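Below: a set of structures, written as C-alpha cells.
Next, two complexes with chain A in common: one pairs it with chain B, the other with chain C.
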Partner chain A sequence: MRAELLWLPLFALPLVLHNEVALTILVFTFILGMLAVSFNLIFGYTGQLSMFHAAAFGIGAYATELSMTNLGVSFWTGAVIAVFIVSVISLCVGTVCFRFRLKEFYFAIVTLACSEIVRLIILNWSGFTNGSLGINLTDTPTLWLPGRGVVPIVGTRMWYYLALVALIIMVSVCTRVVHSWMGRNFAAIRLNDELADTLGINVFRYKLVSFLIGNAGAAVAGAFYAFYLSYIEPNYLSIEQSLAIIAMVLLGGRQPVAGPILGAFVLTALPHVIEFSAELRVLTYGLILIFTILLMPNGIMGVVRRQRHVF
Partner chain B sequence: MFFEVSALSKRFGGLTAVDDVSFSIARGEIVGIFGPNGSGKTTLLNLICGTLPPSGGRLIWKDQDVTGRAPHQVAELGIVKTFQNPQLFPELSVIEHVWIAAHLRLKRMLGPRRIATLIKPARDDGKLQQQVETVLRLCRLSEARDEPALSLSYGGEKMLGVAMALMCEPELLLLDEPATGLGHNEISNLGEVLRDLRHHGTTLCIIDHNVGFLGELADRAIAMHHGSKIAEGTPSAVLTNDAVIEAYLGRRHA
Partner chain C sequence: MLQLIVGQLLNGIIVGTLYGIIALGVTLTFGITGIVNFALGAFMAIGAYLCWYLTDEIGVSYPLAVILAVLGTALFGLVADQSLFRFTRNNLINGLIVSIGLISVIQSVLLILWTTTPKNMHYILPGVFNLGWFIVPRMKGTVFLVLLAVILSTYAALTRTWAGRAAYAYAQAPEAAMLMGVRTQLLQTGVVVYSTALAGLGGALYASLYSLEVSMGSSYILKGVEAAILAGIGTVMGSLVGGILLGVTEAVGSLYFPQAYRDAYGLIFLILILLLRPAGLFGAKR
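On to the complex of A and B.
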C-alpha cells in the first residue's frame, strides 16, 4: 500500500468525528507536526542537534503578525515575509556555527544561546512586540476557495483542513529532499562528515541548506500556530518549546519523514487525556523521553515497522 | 606538470612530521611512497588532500596552485584519497555508500541544474545507476551490494573505500596503505583492481610499508624517513638504497 493513502482517512475524519476537542487536538497535532517534521530534517537526517528551532518557530509567528499590522499585508504575504526573515537569520546563525565547525553539544549550546538572544530581544522590545504580555491577534487569515471566493479561516473544521494540507505539503517536500541526492548528502554528513568531505561533498553548504529548509518550515508552522491560537508570546521561543520538539521527534521516530507527527500527536493529546499541572507536564515529558530512549530508540515508528529507510 | 609537491612541510608544535618534501607525479604512472611507521607518509597524504593545512610549501595541480584547499575542493579537482583505516557510513549498505560517493559525478553532470531534480527526478539517474554498478563490479562488491557495509570483512571494507573513491572519478587516486591487514587473496585482488585502474588512465599514488606489494606495482618509488624524502627512483633501486635499508632495519654493523 502506498504511504500516501494513509492521509485519506484524515480527510474523512471530520465528517464522522464531531467532537470539537478531539478535532482541536488534531489541528494542534498537524501544526506541531509540521514543526517536528521540519526539525527532523536538521536533527534526524543531517544529525545536527539544533536548539534554534523554537526560535525559528517564534520568529515566524511574530514576523507574520508584525508584518501584517505594520505593512498591512495579508496573512499569506506575512507568512512569506516571515519565512524570508527566518531564512536570513538562520543563514547568519548557521554560517557562524558551521564555519567554526561546531558539532554536537557545542552546536546545541551556541544555537541555544542564539535562540535565547532572540527571545530576550522580543521580550524587551516592548514597543514593537508588546513584551511579555504577548499580542492578541485580531486579524483573521483568509483563503481563496474555488467556487466560494475569499473566505475567512474560522472554525475548527476549516483550520483542520488547512493544517492538514499544509502538513502534507511539508511532509512531501521533506520526503522529496531526503530521498534525493541532497538527502544522501545529509545522511553522509550525519554518519561520517570527514568521509563525506573527502568524497567531494561540501559539508558546510549542505549543513546550511538543511538548517535553512528546516527553519523555514518552522517559520510556516509558527505562522499557523499563532493564528490558530490568536495569541503570541515570547514563550514560543522558550527552551521548553525546543525540548518539546526534540521529544516529539524522539518519541515518534526519526524515520520515516512522517514519524515525528506521531510524537506530536501523543504529546499534544496527553495533557488533554490526563489533566496535568504545568510542572507535572515537564516531568512527564522527561519520563517519556527517558523511556523512549531506553526502550525504543527508533521511536514509535521504529516499533511499528522494522523496515529500514535511510534516505 | 600533472601534479607537483614543492617543499611541503608540516610541523606539530616542535615535531616536524613532514620536512621539506618535494616530488612530482606524471599522468598515468603509479608512484609508491615507502617508509617505516611514523615516517610521515599519512601526514603527507593528509596535506595533499586538504585534511591538514601545510606549515609550508606548495601543491601544484596542472600548473595551478591548489595549496590550502578544503578536502571537498581537492576531491572536486580530481584528487581523491582512501583512508588507512576504512571509513564507513555506519547503518548504510554497500551500494548506498557508492551512491553517496556519486555526488561529484552528479554535480559534474548537471551542475546547478541538479537543484531541479529535487522537484522532478532526473532522467540521467539511469546513467548514474550504471556507473554505480560498474564500480561495484570493478571492486568485486557486486554480490555484497545490499549488505550492510559493517558486515564486510576488513578487506571488503577497504575495497569499499576504493569503490567510493573511484565513484568520485579521480584523476589522481591516493591510497593510504591499501594492502595493510589484507589476506593474501585480497592483496592479489587489490593488485588486479589497481592495474585495471591504471589501464583506464587513473594515476595512482600508493603509500605502504608492504614493500613486496608496492614493489611489484609501482613504476617509481619514493622513500621517506623521519618526515623527509630519503630516496627516489625505480622501486628496485630505492629498495636497495643504503639509506632505505638503514631506515627499515637499522645501521649495518660491519
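On to the complex of A and C.
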C-alpha cells in the first residue's frame, strides 16, 4: 500500500465526524504538524538542534499580518512576504552560525539567543507590533474555489481542509527533499559532518539550505496558525514554543517525514480530551513529555516500526 | 553619574552571583552527567516557595527556613534523579526534554498549591551597609556574601577533597575513573542532587529580595546557562565570573541603552563570545 493513501481517511473524516472540538483539535494538529515536520528537516534529518524555529514561526505570523494591514495585500501575498522575510533573517542567522562552525549545544544556544533577541524586539516595538498585548486579527483570509469563486475562509471544516492540504504539500515537499541528493547530503552531515566535508560535500551550504527550507515551512505554519486563532502575541516566539516543537518531533518520531505529526496530535489532543483546569493541563503535558521520552526513546513511530519488524 | 554607575555595577554583581549559583549547577551537571538540567530554574522556584512558606506562613526563623528549603529542594532533586534523570545520562536531548517536562510538572504543582498571586516575603534584614560613599541594602549584601561563600567552598571541595577530585577525574575520563574505584552512579546522583540544592539555595535567598512567581526560574536558568557557557563549561570559578559578567553587562548596558532590551545585552555578549572564543572566556583553547 502506498503511504499517500493514508491521507484519504482524513479527507472523509469531517463527513462522519460532527464534533466541533475534535475537528478543531485536528486543525491544530495539522498546522502544528506543519511546524514540526519542517523543524524535523533541520533537526531529524540534518542533525542541527535549532532553537530558532519558534522565532521563524512567530516572525511568519507577524509578518503576514503586518504586511496585510500596512501594505493592504491579501493573506496569500502576505504569507509569501512572510516566507521571504523569514528566509532573509534565517540566511543571516544561519550564515553566522554555520560560518563559525557552531555545533550541537553551541548552535542551540546561539540560535536560542537570536530567537530571544527577535522576541524582545517584537515585544518592545509597541507602535508596530502592539507589544505584549498582541494583535487581534480582524481580516479573514479568502480562497478561490473552482465553481464558487472567492470565498472567505471561515468555519472549522474549511480550515480543516485547507490545513490538511497545506500539511500534505509540506510533507510531500519534505519527503522529496529528504529522498533527493540534497537529503543524502543532509544525512551525511548528520552522521558525521567532518567526514562529509572530506568527501567534498559543502557542509556549510547544505546546513544553510536545510535551515532555510525548514524555517520557511515554519513561517507558513505561523501564518496559518495566526489566522486560525485570529490572535498573535510575542509568546509565539517563546522558548517554550521552541521546546514544544522539539517535543512533538521526539514524541512522534524523527522518521518517517510524517512522524512528527503524531507528536503534534498527542500534545495538542491529549490535554484537551481530558477536561482539566489549566494547571492540570500543564501537568499532564509535562507528564506526557517525560514518560514518552523515557518509555519510547524513538517516538511513537519508533514503536510502530518495531512492531512491524516483529510480525 | 559615577555613583549611578557604581550602584548599577554593584547591583549587577549581586544579581550576577545569583546567576552564578545556577551556572555552577548547570556546569557540574553537564560535566558529570552530560545533560543540561533546564529544570534547575524550577528547583529554584521550589526553594523560594518553600522558604517563603516556612517563614511567612509557619513562622520559622529565616536562616533555619533557608536551610530547610535547601534540604527540601535537594530531596525533590533526589526523587527527580532517581525516577527520571537516571535514565537520561549522557543523552543531551532526552535529558533536555525530560527536564522541560519536569518544569511543567513543578510549575503546575506550585500553581495548584499557591495560586498565581505573587508572594512577597516580609523584610528580613532592613537597613543598609554604608561603604564609604555608596550604600548597599543589608539583605542584598548578605545574599551576595552567602552565595560567594558557597561557590568558593564548592571550588575548594572540588579541588581539595577525594570526592571532588573523583568528580574531576570522571569528567575527564569516565572509564579510567571507574577503573580507579570512583563510584560513578553515586557520583552522578550526588552531583544532580547537589546542583538542585544550589538552585534551592539561590531560590531561598531570592525570596528575601524579590517577589515570587511560579515562572521566576525560567529567566534564571537561561541566565545560568548563558553564564556557564560564557565562562566555558566545566570551570567552577568561571561560572561565578560568568554570572557576574552577565549581571554587570545587563545592569550597565541598561544604563546606556534602552532598559527594555536589558535581556538582549547579555545575549549579544554571549553570541560574540561563542563566535570569537568558542571554548568560553576561561575554557581551554579547542
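Basically, the second predicted complex is superposed on the first by the 288 of 311 C-alpha atoms of A that agree within 3 Å, B and C clash if a C-alpha of one lies under 4 Å from a C-alpha of the other, contacts with A are read in each partner's own complex, and residues count from 1 in each chain.
The rule we apply is simple: a residue touches a chain if its C-beta (ideal position, glycine included) is under 8 Å from a C-beta of that chain, and two chains touch if they have at least 3 such contacts.
Just so it is clear, the model here is predicted, and its values are computed rather than measured.
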Answer with first, second, both or neither: which of chain B and chain C does A:F84 touch in the superposed model? neither
Would you check which partner chain A:Y161 touches, where first means chain B only, second means chain C only, and both and neither mean what they say? neither
Kindly classify A:G286 by the partners it touches after superposition: chain B alone (first), chain C alone (second), both, or neither? second
Pick one for A:Y231: touches chain B only (first), chain C only (second), both, or neither. neither
In the overlaid three-chain picture, which partner chain does A:A196 touch, first (chain B) or second (chain C), both, or neither? first
First (chain B), second (chain C), both or neither touched by A:F105: second
Tell me which touches more residues of chain A here: chain C or chain B. C
A:W76 contacts which: chain B (first), chain C (second), both, neither? neither
Touching A:M182, do we find chain B (first), chain C (second), both, or neither? first
Under the definition above, what is the set of chain C residues touching chain A in their complex? 36, 84, 87-88, 92-94, 96-98, 100-105, 107-109, 111-112, 218, 222, 225-226, 229, 258, 260-261, 263-264, 267-268, 270-271, 274-275, 278
Which residues of chain A touch chain C once you look at their complex with the stated criterion? 49, 96, 100, 102, 104-106, 109-110, 113-114, 116-117, 120, 123-124, 239, 243, 246-247, 250, 279-283, 285-290, 293-294, 297
Which stretch or stretches of chain A touch chain B in the complex? 176-177, 180-182, 184-185, 187-188, 191-192, 194-203, 308, 310-311
Taking the complex as given, what residues does chain B use to touch chain A? 49, 51, 70-72, 75-76, 80-81, 83, 87-92, 96, 99-104, 106-107, 114, 117-119, 121, 164-165, 167-168
